[in-house]
Amino acid sequence: MSIWTKVLYAVVSVSVATVYGLTLGGIVRKLYARVHGRFGPPVWQPFLDIIQTYSRRVAVSHGNMFFLGPVLRLAGGLGTYLFIPVIFGSALFSNFSMAGDLLLVMYFVFFGQLGMALGAGQGGHPYSPLGIARGLAQMSAFEVPFSLAVIAVAIQYNSLNITSIVAAQQGGFMHWTLFTNPLAVIAAMISILGMNMHAPFSIVMAPQEIPIGPPIEMNGSFLSILQTNRGLFAAAKLVLFMNLFFGGATNIIEMIVKTFFIYMFSVFVGAAYPRFRPEQSFRFFLKWPAFIGVLSIIYITYLGGAS
Amino acid sequence: MVSPIYILILSLAAGFLLSIIDRGGRKISLAVFYGVLAFNTALIIDWTYRFVFLHAPTLVINTAGFSAPVSINLELGMIQAFVLVFTNLTGLLAAVFLFRKFMESKVSSLILYLLLVMSVNGLVMTRDLFNMFVFLEILSISTYALTTITRTKTSLSAGFKYMMAGSVASIFFLMGVVFVYHFTGNLNLDFIHADQFAGTGLVALFMLTMAVFIELKPFPANGWALDVYQSVDSGIVSVIAVINSAAIGFVFYRLIPLMPQSFLTVFGAAGVITFFFSNMMGLKQKNAKRLLGYSSIGHMGLLMASIVFTIGAPSTVRYLIIGGFFVNHLVAKAGLFWLSGIVRQENIRGWAVLKNNRLLLVLFGVFIFALSGFPPFAGFWAKWEFVKVLIESRMFFVLGAVLTGSLFELIFLFRWLTITVKEDETQLEKITTPDSGSVFATSVFALLATVVAAGVMKYFYNFGWVQTLPAAAALIVYLLDFLPSKLKGFVSLGAVAAYGYYIYPLLESNLQLFFGVIFIVGSAINIISTLNRKNQNRGFYGFLLMMIFSFGNLLIASTYLEFFLSWEFMTISSFLLILRGQKAQRASLLYMIFSTAGAYLLMTGFSFAPALTSTSALMLSIEFVKLPLISVIVLAIGFMIKAGSVGVHIWLPEAHAEAEADVSSFISAILLKAGVLGLLMVAISCIAHAPSFPVFYWIGWIGVITALVGAFMASFQEDAKRLLAYSSMSQVGYVVAALAMITHLGWVSALYLAFNHMMFKSALFIAIAGVYYRTHTRKMYEMGGLISRMPWSYMTVLISIIAVSGVPPLSGFGAKWLIYTAFITKGWYLQAGVLFFASAVSFLYLYRLIHAIFLGQLKSEHQEIKEAPAWFIIPQYIFLAGIMVLSMFPNLMIRPLNSIAMHYFNSSISIEGLTVVSDLGYWNGNFVMHITMAIFAVPFVVLLLLRGKTQRVKQFNIVYAAERPESPETTHVAYNMYAHYRKALGGWASPRIENFWNGVAEWSHTLGDFFRRVYTGNGQTYILHIIMYIVAIYVVMGVK
Amino acid sequence: MNRKHIDEIEKQMKLANEGLPEEERKFFADVIPTRVDPFNKYWEQFLNWARSRSLWMLAFGTGCGATELRPLMTSRFDMARFGIFPRPTPRQASVFVVGGYASIKTIKRIIRSYEQMQGPKYVIALGSCTINGGMYYDSYNTINRLDYYIPVDVYIAGCMPRPEALIAGFNRLKEKIVAGECEGMNEYTDKFDWFKKNQKEIIKDWNMPDYNW
Amino acid sequence: MIKYLAVIVSVVGLGMIFLPIVTGFHEAEQLSPLAAQYVEGSINDLETQNVVTSVIVTYRGLDTLGEVTVLFLATVGVGLLLKGTQEDRLLMPFSELLETTSSVLVAMIMVLGIYIFSHGHLTPGGGFQGGVVIASGFLLLLLASSGTKINHLVLNLVESVSGAAYVGIGAAGLVLAVGFLSPEILPLGDFGRLLSAGAIPVIYSLIGLKVGSELTSILVTMGGE
Amino acid sequence: MISISMLSLILGIALLITGIFAMLTRKNLIRIVIGFSIADTGTHIIIVSLGYLRGRTAPIIDRAVNAADAVQKVVDPIPSALVLTAIVIGLAVTAVMLSFVVEMYRKNRSLSIDDYQELKW
């Protein structure tokens, strides 16, 4: 397969993921509205919003890093997504997963966050670093259960190669990590709450405290790039979780169904809970979820696991 | 060939006649006085030359025409000559020092002084016990009288206390002599044998030896001596501390053959106790001369202990130890006492006046280093051999006490040194022009210390010139210090290059080469940043070269001693470099204390290690050495101190932060790697010979906890350099943990990270140095928004922090990938989890660093600031280029590291094209880099096309709740940025380890203070101590 | 042209920012806002369609009329179904709802917030006070007509107008947007001097730049 | 109280140290070989009647030289300490009777002293004893007559010259005879004669002079001028 | 049986200890010096007592002692020689000590040793 074919495939894959991610966002808004007893905006509202923000005639930039911030953010999202094989056995959706393994994906997540943090930092607005400080701190906290879960998975399948992790989970839902190593999945699913930054972990944007935090100075096209990334990045995270814990997907329908439910999990939790204070949030992740993560490793190492 | 008895004859005759001669004028009497002293010295030097180089036989001089035992005989052998050379030389130079005093005071003082020196000669040479008593009394009486040369209330009362103690001791000595005669029928040492003292005879021997021992000021029966040291004129005190002590110590040495084992053990123990306690009590002391007194007493204790405990050792080693301690104490103590006479400041803080006189300051430093047992001075070799002897004879308590005592001593000496260098001296009275005699005497002694050191290195150890190169380099640059800084900088660069060219062929293995690149090439690039220094910049390049050369010497050292020597040179030079920082007093002291504690551990560890059989570099031959468990543990801890592992990392943030901006990069990027190198060596020896206890498993844990604690602490710093320091600690924690795995992948990853760390931490420190150079602050919240003023520095920091954090596509990710893979392969899962946590936390401090300095609001005072000078930018971009190349082609580094590790293990990774494949996963750095560039380009172009009309605005054009910001200071978020995180962590964020060490420090000071309360100042109490001490020792020895 | 001329022209092209003390001027951009014309017709129509269905509202309760804004967000009136969402920062908002009377103190904030919004931007003025001063028409401390100070797209009369009236107002705005009639942003730049004169007449303590970028 | 207890304990302990010497003490039956050698040597080699003198001046001559030095040092030391800080004292004039008697006595004391040190090798006594007797004469002068002025220069001269001469004789032994302080620079003479025993009487006389002048000078210094 | 020499030995030791006791307890500087002097005298008596041989005479070869059997007739000459030296040295030390006391008194007008403890710790 020539590199250009791969690029073409990647473009398709990215487009699908972006559209899917944005649609999910719309669905969530609709869902929230229904929970509130409202009619809510249309499902395609995110697309309208993106067009609206892209179509601003004027923008304000605080400097080169401010300019690059959203770019790096989107590059991070793209990278994260592109290093994950999305659909098991599909050449179209295998992306560039031959460049690296699970560790590469985990660390590429930081690429965008760091870029965004830098861009927002140059904005000069005090709320940006406040939000970033919260976000980084929370990230360091939820990384603990997540990394423990990932280590447990790596031990379980003796690999960090996402494709082979998915391959090992094929052959019936009882082979999913969800059932072979439930503790790791619990730890990871708690940490995805933090990753998605829905309530009770919505301390970064926190509109009532630090009006939307980091991107407060982002406007016009900058904002629209961030919005695009939000869709893509959400999809990437969900696909990663699906691959690691829920047996991956062999076709696009399976992927959509699985990721939808993974997403709904955090959405429902978010709809049901109020927001933590920052230190409560950090402490939360460092306590029980981390402990569950340790248990999962012990379970896999010393008790032999279910496999 | 003049008989040494003429020393006595001439001195006596001159002494008797001086008062008559003096009637002809003081100049004549002084001429006679100095003439006789000089004659004595010359005579003894002549004899020493004969003994040492012509191997003359021992000379025995009979008196009155009869041979012993009928008449009194004198003996002059090599040992006596050795002692006498130094005592006479000290006597002569102390007299030179006292020249002005002698000019002004009565002729009596000349007579007393001359006869004092004479009596020491007699005391050392005579073989008759009663004659010893007589000479001892001459010595005592002349000393008593000389204490009043400056007549103050304190010196009188101290002299009286001295007399009380001395008279009690002399009564015992006399009793001992008489009873010895009673039991043996002889007074001549040649005719008295140990077996003649059976039963009650031992009491006689006890009295005799005890009297001598009391004169040697054992703890706690030594209060009188301290008072004398404190109050009497410096010149005379130097005589008391050096000449008297040497003579009496020699008497003790002479009595050793008579003593039974029980005596020896108790005396040795008493010596060690004295050493330990007097140094501990010295901790609280603020009076310079009394402090020296404590040190003197301690050293006499050490000398006694070394005399006793080395009896079983080979004689050359024994002489090196005893002689080393003796010369070291003598030279350094005399020099320091003389300096105290020149400085005329009671409180050690007052010594800051030395700063105004460069020569004196250097002398002071030389003496302090000599006294603390640093190479190349004699005390270093003595200590090294002594530790070896103690370990061979399994005297671990003694070892512990000696090393702890030495550490205490080091603490107060270096506190003194650092205060002297750093305390503000403007409030103090300047030193009145010291008279040239004093300075001359002191300088000669510093020179003497150096000459002795060179002699030991040349004749005893037969070192090559490379081993002495660090010290020589410092010396040479010191002599060239008048040159402008830039010139010296370029010359240093050339010297480092030449040195690199020289040792390149000596680096036989890739491992050596790897560290050679870190040490030499890394240093060379770092030197560029120092070229920015202006003026003469005295001292700097000497120390720098010393440090770099000692790094290199570590690699080619072929014995434990050579390695340790280079290690100590490294410690000295880095200490001095740190000390140059503006407020580095505490930092450099901490560094010194921890380094020395580490060095003592290394010394112990090497002494436990079996002998080397190979002559190749230690780094290679260590592979075939089976280190015993204790050695592994002790060495590992010693090296981990240098690597800043948690628990012993206290020095690290202080030293990094307080050192000069361009020195910090050396410390962080290169010095820490020396610790890594050491640990690696221990690990190498453990591959084939795994210790019985899983030492490295626990080191692994320490490593990961270091990584985590370092990251946490870094997040809570306000000071940019402290932040980077903790970051270094964290990163080296990763390296240590990875090393501790002792697997192929572990080592590849450790070395890979070590190399990367060298590059990005150098770049970061130099960038911060540039920022500091422009802003004159290290507090991050005082900066902000500098990206617009210093874009080049910003770029460095940006690239570096991406590399540090391990975010792809830069080379830092390679390290992370290797490390996690290695950990999971090894089965250290929880450790890997902790490392993940640490690496996530590292984003906190990295973002803080770049945000608080470069992003956010630009301060008013920095509006017109310029980019850092080119000298700072050039090395940064060399390192950045290195990072980028390694990011693009990580295999350039991984391939050689793979081969290094393959020397010890089977390879666990394979390299397929540009992809590195491990058992668990794979990584193609090159491809990742390309993809990253592509996916960066796409949104970038999109944004360029769709951005609309973009207006660049200024820093206050922000949405500020419909208001406008008041000032940049109140708008910039930087201070206490992670307050919420600190709150979440609660007690875990408190500096427990620092509190622990503070507690240790406080307790040892309090204990020292408690013990020194025995010295009530009352002469009677001192006598009581002596009597009780005698009784106690009597009981302990169990003399029947 | 000599150097002096160039300097003079450049000086004219910059905002004078005379209200700011000398040492603070460096903190603020001094660029004069300029007109940005719409894209070509069909493309602009498409964009206007999207804009009208994604109205991001600056939720800044400037006056008592803001009380009636809150119910708009609730389940009963549910503005989200019209694509109207509150945004916490003017940078991202496209609709500015001025909530009733504007005291002189508030008008300063209104101007600043309006200027910080990125065009195209729309203003809905709420209640009688914004039209003619309403019950405060003779107050020494309120303005009587909002469009002396910023361009207004839709006025909603009433004291205060009910949420239903607000919805009607928003719908009117949507229509105007689709029709391409909402060029308040360009109006502001075109008549910049006039607006500034009016603003500075009533705001005595002018301690901000002449245009808040 | 505690201090007294400690003093008592330590003194008792000190006694304890000496106890074994007392209990284990038994008087010697014979001279030690060394002592016997001295007795024999004194008679045969040195022609000296007084064995103690021969031991002091010859066999252990170095000790004696040292001893003289110690005394000399004491003089110098006392001089260094006390001289130049004298304070005025009111002295009552002494009675004439006392002064006259003492001046007569002094002459006799001096003669006695000289006799004692010059016959040191023959009879009990010697330089030290003689010197002390001489000094006691000066003490009498100092105590008994108010106007006594002792010439410092003379004292000093005697002190220094006799000391130097002593050392000189010792050194002469090194050159002329067999060793430092050897008395054989002068003929040994006949046993029991005044001019016998080589240089011993000379040395002892010098010691006598020296001790006498030294002690006098200590007395003068301490007693005030 | 207690011999004379033993008696004098005990006496000497008693004096020695008494002298040291005085040095330890008396506050007056002059008394301390006297204490030393007493102790010193004790040592002299001890020395002499050690040299004594029962029934013998002084080691002076005169009419009382025949040169031929002098070895059998005289006491040990060595302690006698030593004690002479010891006495002189004791004297010298005492003299220096006393002059210290004089000078100390002149400087501070106090003879109590408790007034001379400003140097401590």
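Order of writing sets the chain letters: A, B, C, D and E. Residues in each chain are counted from 1.
In this text, contacts are C-beta pairs under 8 Å (C-beta built on N, C-alpha and C of every residue); 3 or more make two chains touch, one makes a residue touch a chain.
Since the structure is predicted, the reported quantities are computational estimates derived from the model, not experimental observations.
Touching chain A and chain C at once are the following chains: B.
The chains touching chain B as well as chain C are A. Touch-path distance (fewest steps) from chain A to chain B is 1. Each chain gets a centre from its C-alpha atoms; the one nearest the centre of all protein C-alpha atoms is B. Chain centres here are C-alpha means, and the one lying farthest from chain D is C.
A comparison of the B-E and B-D interfaces places the larger number of contacting C-beta pairs at B-D. If each chain is reduced to the centroid of its CA atoms, chain A and chain D end up 106 Å from each other. Centre-to-centre separation between chain A and chain E, using Cα means, comes to 99 Å.
Distance from the chain C centre to the chain E centre is 114 Å, each centre being the mean of its Cα atoms.
Rounded to whole angstrom units, the spacing between the C-alpha centres of chain C and chain D is 119. Chain contacts: chain E has residues 16, 20, 24-25, 78, 85, 89, 92-93, 96, 100, 103 touching two or more partner chains. Listed for chain B are residues 130, 134, 137, 141, 144-145, 148, 179, 181, 187, 948-949, 951-953, 955-957, 959, 1024, 1027, each touching two or more other chains. Residues of chain D in contact with at least two other chains: 7, 10-11, 14, 18, 21, 32, 34-35, 38, 60, 63, 66-67, 70, 73-74, 77, 81.
The chain pairs satisfying the stated touch condition come to A-B, A-C, B-C, B-D, B-E, D-E. Per the touch definition, chain D reaches chain E in the complex via residues 4, 7, 10-11, 14-15, 18, 21-22, 25, 27-32, 34-36, 38-40, 42-43, 49-52, 55-56, 60, 63-64, 66-67, 70-71, 73-74, 77-78, 81-82, 85, 87, 122-124, 126, 128, 191-192, 211, 218, 221-222.
Within the complex, the chain B residues that touch chain E are 130, 133-134, 137, 140-141, 144-145, 148, 151, 153-154, 156-161, 163-164, 167-168, 170-171, 174-175, 177-179, 181-182, 187, 223, 226-227, 230-231, 284-285, 1009, 1012-1013, 1015-1020, 1023-1024, 1027.
On the chain A side of its complex with chain C, the touching residues are 29, 33, 36-42, 45, 48-49, 51-53, 55-60, 207, 211-212, 216-220, 223. Every residue of chain B that touches chain D in the complex is listed here, in rising order: 3, 5-6, 9, 12-13, 15-20, 23, 61-66, 69-72, 106, 108-109, 111-112, 115, 119, 122, 126, 128, 130-131, 134-135, 137-138, 141-142, 144-145, 148-149, 179, 181, 185-187, 199-200, 203-204, 206-207, 1021, 1024, 1027-1028, 1030-1031, 1034-1035, 1039-1040. Chain contact summary for the complex, chain B toward chain C: residues 860, 863, 948-949, 951-957, 959, 962-965, 968.
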